[in-house]
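Two complexes are shown next, each including subunit A; its partner changes from subunit B in the first to subunit C in the second.
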Partner chain A sequence: MTLTETTQPIRKRDLRIPLAAILLVVALAAPFIGSRYVTHSLIIALIFMLPAHGLNLLVGYTGLLSLAQAAFFGIGAYTAGLLAVTYGTPFYVNLIAAGLVSGALALPLGIPALRLRSTSFVMCTLGFVIIGQAIAKNWVSLTRGDMGLSSIPKPYFSLGPWSYTVSGTTAFYYLALTIGVLGTLAVWAIVRSPAGRNMIAIRENETLAESVGIPTWRYKLIVFMLSAVFAGVGGSVYAHYLTVVSPLTFQMYYSTTMLIIVLGGGAGTISGVVFGSLLFVGLTEALRITPELRMIAYGFCLLILVFWFKKGFAPMINRFWGMIGGAK
Partner chain B sequence: MFSTILEQVINGIVTGSVYAIVAVGMTMIFGVLRAINFAHGEYYMLGTFGAWFAIDYLGLSYEAAIVVGVLSTIVVAYVVGQLVMRRMVGAPAESGVLATLGIALVLQNTIILVFGGGYKFFAGGYIEPVSILGFSLAQQRILILVVCVLVFIGLELMVTYSRMGKAMRAVSQNVECCEVVGIDVSQIVLRTFVLGAGLAALSGVLTAPVNVSVYGGMGELITFKTLPIIIMGGLGNVRGTFYAAMILGIAESLVATYVGLQFRDTVGFATLILMLMWRPQGLFSTQARF
Partner chain C sequence: MNHLRLLEISNLSKSYGAVKAVDDVSIHINRGEIAGLIGPNGSGKSTFFDCSTGLGKPDTGTVKLDGQDITGWSLNRIAREGRMLRSFQKTVVFKALDIEENLVIAGQMFTFPSLLSTFGLGRMSRQRVAALRERARDLIKMAGLWEVRHLPAGNLSGGQQKLIQFASMLMPEPKIILLDEPMAGINPKIIERVVETIRYANKSLGVSFLVIEHNIDVVTSLCERVVVLDQGKKLVEGLPQDIIQDPRVREAYLGG
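What follows is the complex of A and B.
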């Protein structure tokens, strides 16, 4: 012990806990610091963080590049919207149902898709988005077709005689923040568990993972379903926030956005996804960049990420975190 | 009844020809790069926009617009090829997917940003109908058929006999050996890519008078239709791509008539998923690539 202390003579103070506390206070006080529009941008960022966390489990931890996230996002949005409009169920019921329906649908879709590798898997998952959009457009009796579902009620909670309706941007921000934090903690728990290590083993070398007894097929299927659950939950919050769901929820645009968050922030890191959603969704929304310019920027980001900046911002975040933690 | 079916089949063959000219470029690019070009439909869109620009802004004739559309796309493709596609030689499949998705985003949204996202009227082409064997068919559709047949004969000859075609086949078989015997792999990739993009643009320019409207997002749909075709045809297989494009064109046309127009665009992806499940090597899995 003394040896390590003497070899590190200049030991800076550990600033990690103070910084985390400051970030927490900023996150809690954000609606009162920034304008309403900033709060709105943060809500959008928090909503997109959930499907991005799910995608990160697939891309970053298990090594499966999927474009299907928009499909499950849309399924979640429609499930929550339909429940709220038709039955007026409370928010948490819609949220849980959206997660469960997306996850359940991921099973029959995942079984054939996961038999494919690399590019074929990507094409197949892209197909889910297109077919999802076609179903949302054409199953008019359920989805009202191109008109979509409108006037989805504000999220409300009820427990016995007590009930509370989330109205206003600030209240919604706290709702989204709570769900975002819970989602992040859930991913953290998954990744830290033995299952998380097995997922990383599959990413690094699937054959080797199989040979040491990891049921790779079952793992991939479960992770695919989990990612769909995250996307579905995100979709349900999105539906309640925008109060409108249309077939355009099934769009490549959403899959690309989620992909940019994960890859840009740093695939295989949780802090990267949080940072990525704030940067790529929150900031672009706050700056009111038009969708076209945003997509051009995303396109260039993808090219830069692929050829020059392979790990995204994750190494920088880690270095910064280590620096303020007193390490050299 | 029978004549309606026949008419739909003929329409399907015309649509199939359009798809075939686009898809053959994509399948050749896959052959040399082992990567799916998710931006391929964007070159189709660029060609159409180039021609539309030439007619609407420069006041050129349709014939000149074809040249402008194809050449401007070739220039763009050359730049993209130099900067991006050449780097993809030997890169993992995921990088190819992401890089080409990035290119698609940039090309598509730049066009929308510059020209606006709305539909534009394409004023050009030979739209007078002619009557053949009792069917009336627009001249433009006949032109598409003829060009498609010529393109495929030309490609078949090029791939079999020319130096470039032989080099392409070699690269598609073994990149390292090509480098050993002195074939400039990245040059071949670049040329194949520019050729493929140029063909996609040609298809776009030829189809524009039939589709009438032009819009920035049109390339995405073409990319999505091209994917099932190249899988059905067997990746890297020129002749297979031709047959597969015809099958998809006819199937779409029949589905649009007898099932419902709204299901037309779903046929491709349903086919894609079924093909990937049961015959990922394609319907025409010959040993010969190209």
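What follows is the complex of A and C.
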């Protein structure tokens, strides 16, 4: 079969840049368009987008299914919360520390876990969430046990004499949006780098990747740590937004939500994760109108997803993107 | 040390339970040589390959490449640091990726100085990838796959996939390539092309080869020296025309 590129794509007007501009304007104007409740939902979506981005590096690009994201999310939330409550450190210090602590803890956890094969690895990562919750509950002197950490201060920035406290939902929205955009750019940079190509090679065929000199094990460990950094950063924003962190931050429901965002949005695509986090947080919020049927309806939506959108929404987004880009 | 010898595998043994898959086999490959490894099914050829290239760990024996002991190195390290590459019988290409991506991936670890540097997106990194792409395109042309270079590799025929795999192995300027049944299941026209490509790599690029192959015509036309394995042991070694006449080899194949 010799399919050549015989037809040059007929170029219509490229609408991608105008659309991106419109999306940016909508994102910036959102707090003024929607109600406070919508802004709140968008903040939650932006917070969950970060661990989902990290998980996408693992699941979508490297081909490793992990349920540990909630554990690293919780570690990040506790790190930021403890720093803020105990030492009153500024927000960005807490955020960086949360990322670093989560990433660093992923090293000793990843070394044994990544020795395991597929399903055993998944079970092992599931264990991390349970262990995390048990530690948060029982290490009372550090975590205050079931009481959790409360009255975590609103994020504040300080530089010399200048300081600013992010209070109010709108201000927090812009903070979350900034972090979300930076996080998305970071993932973009990782997957566009040669390392991103090696990750895809590992996903496609690990032995073949080995045979062309790719140290697959070390890559998997690094990606596992990177995914934990994203989760930790997300956790720190979460802690500062809710101002409360409890052992319930370590819950399987969060891990599955993150996984649903990635798989539903489209594993191995960045736009899919962005779209997925908006959609799924939007969906859970929308379903609050029927509290009794909420979880049933949620489950039903998931069934629709697996049956009709096997690759998530990414193929649809890509087709749309190609269409407005003028390609045939 | 004999400086003529590029790869020297000595007294290699590997058992699976009570079965001795490879039993005290020694093989060497000289610089610039194309050597063949033949033997009936189950004679231990693939196990021998795996243990020599780091996919499996030999129970005993040593593997020396260019005078350096590489026994126990991992598959990826042998490829990266030793520039000894191997092919697989079944897993051939990254099926979902196009040919050009396949080749760029195959060259990356040889261009970037460290694992961390592969995370870079700077100018150096872009230039390195551009150079790889350039080389990939040359090799794609050489393999006669230019027209299909942007198709997913999995869409191509088995023979074309073998050509892609072969081109991938030439990306890093290897010292030696071990081929595991490169002609299995491909049509005669492509066999011709694979043979030509192997010759070209050997003559023009100075790559040495060890080839496992069942197609006896290919073996006799390509190899300067042939080693025969039978039931995990080295049976004979010699010129291809002598080997095919050897009664012991005939007996091994026809069953004694």
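Quick note on the criterion: the second predicted complex is superposed on the first by the 292 of 328 C-alpha atoms of A that agree within 3 Å, B and C clash if a C-alpha of one lies under 4 Å from a C-alpha of the other, contacts with A are read in each partner's own complex, and residues count from 1 in each chain.
Everything that follows uses one rule, which is that a contact is a pair of C-beta atoms (placed from the backbone, for glycine too) under 8 Å apart; a residue touches a chain by one contact, two chains touch by 3 or more.
Predicted model, so just to flag it, every value in this text is computed and none were measured.
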Where does A:Ala189 make contact in the superposed view: on subunit B (first), on subunit C (second), on both, or on neither?
second
So, does A:Leu293 touch the first partner subunit B, the second partner subunit C, both, or neither?
first
Quick check on the superposed pair: does A:Ile214 touch subunit B, subunit C, both, or neither? Answer first, second, both or neither.
second
Considering only the touch criterion stated at the top, classify A:Arg197 as touching first (subunit B), second (subunit C), both, or neither.
second
Scan A:Ser141 for contacts with subunit B and subunit C and give back first, second, both or neither.
neither
Contacts from subunit B onto subunit A in the complex sit at residues 35-36, 84, 87, 91-99, 101-106, 108-110, 112-113, 117, 220, 224, 227, 231, 260, 262-263, 265-266, 269-270, 272-273, 276-277, 280
Which of the residues in subunit A end up touching subunit C in this complex?
1-5, 189-190, 192-195, 197-198, 200-201, 204-205, 207-216, 218-219, 222
In the complex, subunit A residues that touch subunit B
65, 112, 115-116, 118-120, 122-124, 126-127, 130-131, 134, 137-138, 252, 256, 259, 263, 290-293, 295-296, 298-303, 305-307
Would you mind writing out the residues of subunit C in touch with subunit A in their complex?
53, 55, 74-77, 79-80, 85-88, 91-97, 101, 104-110, 112, 115, 118-121, 125, 128-129, 147-148, 150-151, 155-157, 168-169, 171-172
